[in-house]
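After this come two complexes, each holding subunit A, first together with subunit B and then together with subunit C.
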Partner chain A sequence: MKKNYQTVAYYPGCALEGTGHAYNASTRAVGKALGLALDEVRDWNCCGAMEVKNIDPKVQTYLSSRVMAIAANEMKAKVVMAPCNGCYHNLKKAEHDLAHDVVSRETVERISKKAGHETYRAGSLETIHALDWIKHGVGEEELKRRLKGSLKGLRVANYYGCMYTRPRHIFPEKDQGGQSESTSQPHFMDDLLAAAGAVNVDFPLKTACCGGAHTLSDSDTSTRLVLNLLRAAEAAGAEVIATECPTCHSGLELHQVRAEKVLGEKTTVKMLYFTQLLGVALGVSPRRLSIHENVSDGIALLKEKSIA
Partner chain B sequence: MPIHEKSLIRQEDLKVQEQRVVDGVDVSGHWSTFIAPRVVTDYNEALEEEIAALPGGEHIHRCWQCGSCTNSCTVNALNPDFNPRYWIYLIRTGMEAELLRDKDIIWQCISCNKCTYACPRDVFPEGVMKATAHWMELKGHTPKSKSTLFDEEFTEQVVATGKIEEGRIIRNFFARTGQPLFQDWLVEMAKRVARRLPFKQALMMAWAALFKPRTRRWAKASQAISEYVQEQDKHHRKALGLERRT
Partner chain C sequence: MRETLLRKAEEILEEWVRARGEQPRDERVETFRLLALHRQGARGTPSFNACRETCREIAYHYNVLGFEQEESARRHREQMLAMLVEHLRLFVQGKMEVEGLGEFCCASRPVRQGSAEEEMTDA
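Moving on to the complex of A and B:
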């Protein structure tokens, strides 16, 4: 099911300008290597992340709708791509709420009018994740043709987190059988990395929670959740946990350090963004993929296996 | 230890008589265990409506107590006292005093949405947890949780500038909660980041810290959101029968 994602509106979001800088750099580099163009959403704002909804969910809907309004109304885009799970989730949720909930629609209309821009109309834009972008825009077959190297059997645990699949009702295109994504057993990242030569280990915690929402306000809980993930990945034989969300990624790295410092529990599994892994296989230099910026240093491992 | 649900029969209500002889038969100790009677007369009949009036709590009335939420809950796996199904039951029956026994842990919902995924009745238990935690704070039963302080710091930055800057969020959050910023593990983390940070990125981060990143064309949106939030706050306080703080 190949789709035309040749040029998409790109919504990096706040995290990708800060802690997730490496994800931003590697996403852009992979897009370039695969001949996919990214057109950054003009004057974008924060989607509301996981915090604003706790103050008021409708404000979050408005924030996300403003981003979509600019992409759809001003840039005339048909597709917006968000690599961050939080952004992707919130845009999807706003899309769903605006299509199905009258109060959300009225509230967003009212705020948009006061803010002086056209209201986003549900259905005018397709929101996709970076995984959809490569899986459906390029596909495994073409990806294989474009490879310049290989992940050479690197053992990878694919970690998708919460917001990519839950709750189900905001992702109407998932769980449709065939090539569609599954919300209980997501596989897009597995498919892409396998095409690039990785071996996906049987990782049971693909969609478990890393505690990202309370990473600083309830750190002990987050550390226990992350430690559980790291241990499970190691037990499954993984050398690397592939991530597709800046919050999950920095959460895993931060609490790997915290578990070591506070609980004395050391784990050695490395975290790499899936775009960094794909980039390496596509022959992009590790430096351009910002692998050296990761706290858990995967570069030595990739060198040792002569992958990078 | 007899089998009983901890949340229904409390340890302190189990009465064991050490010396007890009935009709010449010695029934001391375990044989004469009684459960102290507990009569609930103090119901808050408005409790369900109050929770339903707060964002996230709207669909609590749909619950039919299947327990899928608790069964799938991430936090429940770490702490069995964290029991969304039970709290929804207490709210719907108006057992406020019972609910208040767990007031200090309800805010710990991590928003993983496993409950929302599993719920066959579309109660959106994650929203109910947030509404309940919010209710505790509005009613003055608990101080603002660390999570709320974090959410407030975050939201204020977004409303003011359209974006967030992570460094500023972290600094301000630790200041708001009165925690020292230089915790062992944070320092270690910062060291590991600094060790590999390319010069250009370090420069960008310093730039962002000095000149807050801003969304262009944001002023009117900022104003509109602030007005909306104030208006909602008024509604919520009214629904909970609270005077507006001036």
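Moving on to the complex of A and C:
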């Protein structure tokens, strides 16, 4: 286990204070149940999301670097954890840019000076996802030891989305064999949920595009892509799609509703954050995990399976 | 069935390559023309890599189907293969309608452009 994952700087990002509130609540609750500590990054800002990156990637690099500057320079943290795929991706991208691109370094230096804070230096901080945090901060054996319940019999399709593994070159720690994550066949969520008793189904679209970034500008494409993901999960035998990103999660939930309304195509698979599922198995109440905030009502299913 | 579905997947990528003003090549990557077509279609368009794993899953399911003996397992595998091909179709159709699909999310295009330029300079 990695000792420096026991207490990490926590960067929830904007989505976890809005549509992904349940992910924030369940991440904090699971951390507490597992004895892991979170120290929220002070005065954090938006990572630049997809919008800023599209218009001016250097400004996105700066925005993400400011978050890392606060964590590394002011909080003296060694590790920052971002549960949102978008934030995680952007911090990784900024790290890559600052390590490899002189113009990015100069831009960040200039804006940081203007903003009146110390510049972030590449290599000062390790950015991890919530999956890394639990997988390497606790591990499956310790997780099993702390279980108060089980996800036994719950058939789960694990959906990682795209930004957790792409583009590959900004995740140099992945694809290293052994205990490292895979970019083509990610498995950390599968491993953790299996340790909690879930049955992971063979889901071949675990990193497939859901049209997420175009959910407002081209809703029909997104709805059709999501509908196919939901159908494939059901065909694979899943009762639940486990998510690890607020954008993926709300995209799947809302397009499930839209597919029924606009296309007349009903699917019944439920969406739950992996932290909500782990939390239930760790004996945390569904209320504290904010399962009631999900659009897709998973509580009835969990009760029916005697899991919650 | 697996041959038909693999051919459909190739046709989808052929359409994408033609829409870019190129001729689909008759090359193979790891014995699959599908993977070679994907590589051709993604050249200069990193966001097209958003369907790379889907193509690889199609190749994987095609291979496994060649060994699947049990009838119900075979039918299930064919169903999953069909859904993978459908996902590829939806993604490519989406890209043809809105070229930017995937452009500024997982493709992180500006980063990739930088890397590509560096590689070209090194070469």
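Operating definition for what follows: the second predicted complex is superposed on the first by the 305 of 308 C-alpha atoms of A that agree within 3 Å, B and C clash if a C-alpha of one lies under 4 Å from a C-alpha of the other, contacts with A are read in each partner's own complex, and residues count from 1 in each chain.
In the analysis below, contacts are C-beta pairs under 8 Å (C-beta built on N, C-alpha and C of every residue); 3 or more make two chains touch, one makes a residue touch a chain.
No experiment lies behind these values; they were computed from the predicted model shown.
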Sharing subunit A, do subunit B and subunit C clash or fit in the superposition?
clash
Look at the residues of subunit A and decide whether subunit B or subunit C touches more of them.
B
Is A:211 touching the first partner subunit B, the second partner subunit C, both, or neither of them?
both
Return first, second, both or neither, reflecting whether A:224 touches subunit B, subunit C, both chains, or no partner chain.
both
So, does A:37 touch the first partner subunit B, the second partner subunit C, both, or neither?
neither
Mind working out whether A:97 is in touch with subunit B, subunit C, both or neither, as first, second, both or neither?
second
Report for A:263: first if it touches subunit B alone, second if subunit C alone, otherwise both or neither.
neither
With both complexes superposed on chain A, which partner does A:235 reach: first (subunit B), second (subunit C), both or neither?
second
Touching A:300, do we find subunit B (first), subunit C (second), both, or neither?
neither
After superposing the two complexes, find the one stretch in subunit C that runs into subunit B, choosing from 2-10, 38-46 or 74-82.
38-46
The intersection of the subunit A residues contacting subunit B with those contacting subunit C is 50, 53-54, 57, 162-163, 166-167, 208-209, 211, 213-214, 217-218, 221, 224-225
Residue ranges of subunit C touching subunit A (in the complex, touch as defined)
46, 49-51, 53-54, 56-57, 60-61, 76, 79-80, 83-84, 86-87, 90-91, 93-94, 97-98, 100-108, 110-112, 114-115, 118
If we count contacts the way the header does, which residues on subunit A are in touch with subunit B in the complex?
14-15, 17-19, 21, 43-46, 48-59, 62-63, 66, 107, 110-111, 114-117, 162-163, 165-168, 183, 208-209, 211, 213-214, 216-218, 221, 224-225, 253-254, 257-258, 261-262, 290, 292-295, 297
Which of the residues in subunit A come into contact with subunit C in the complex?
50, 53-54, 57, 86, 89, 93, 96-97, 100-101, 162-163, 166-167, 169-170, 184, 202, 204-205, 207-209, 211-214, 217-218, 221, 224-225, 228-229, 231-232, 235-236
Which of the residues in subunit B come into contact with subunit A in the complex?
55-56, 74-75, 78, 108, 110-114, 116-117, 124, 127, 130, 134, 145-152, 154-155, 158, 162-167, 170, 173-174, 177, 184-185, 188-189, 192-193, 196-198, 201, 204-205, 208, 213, 215-218, 220-221, 223-225, 227-229, 232
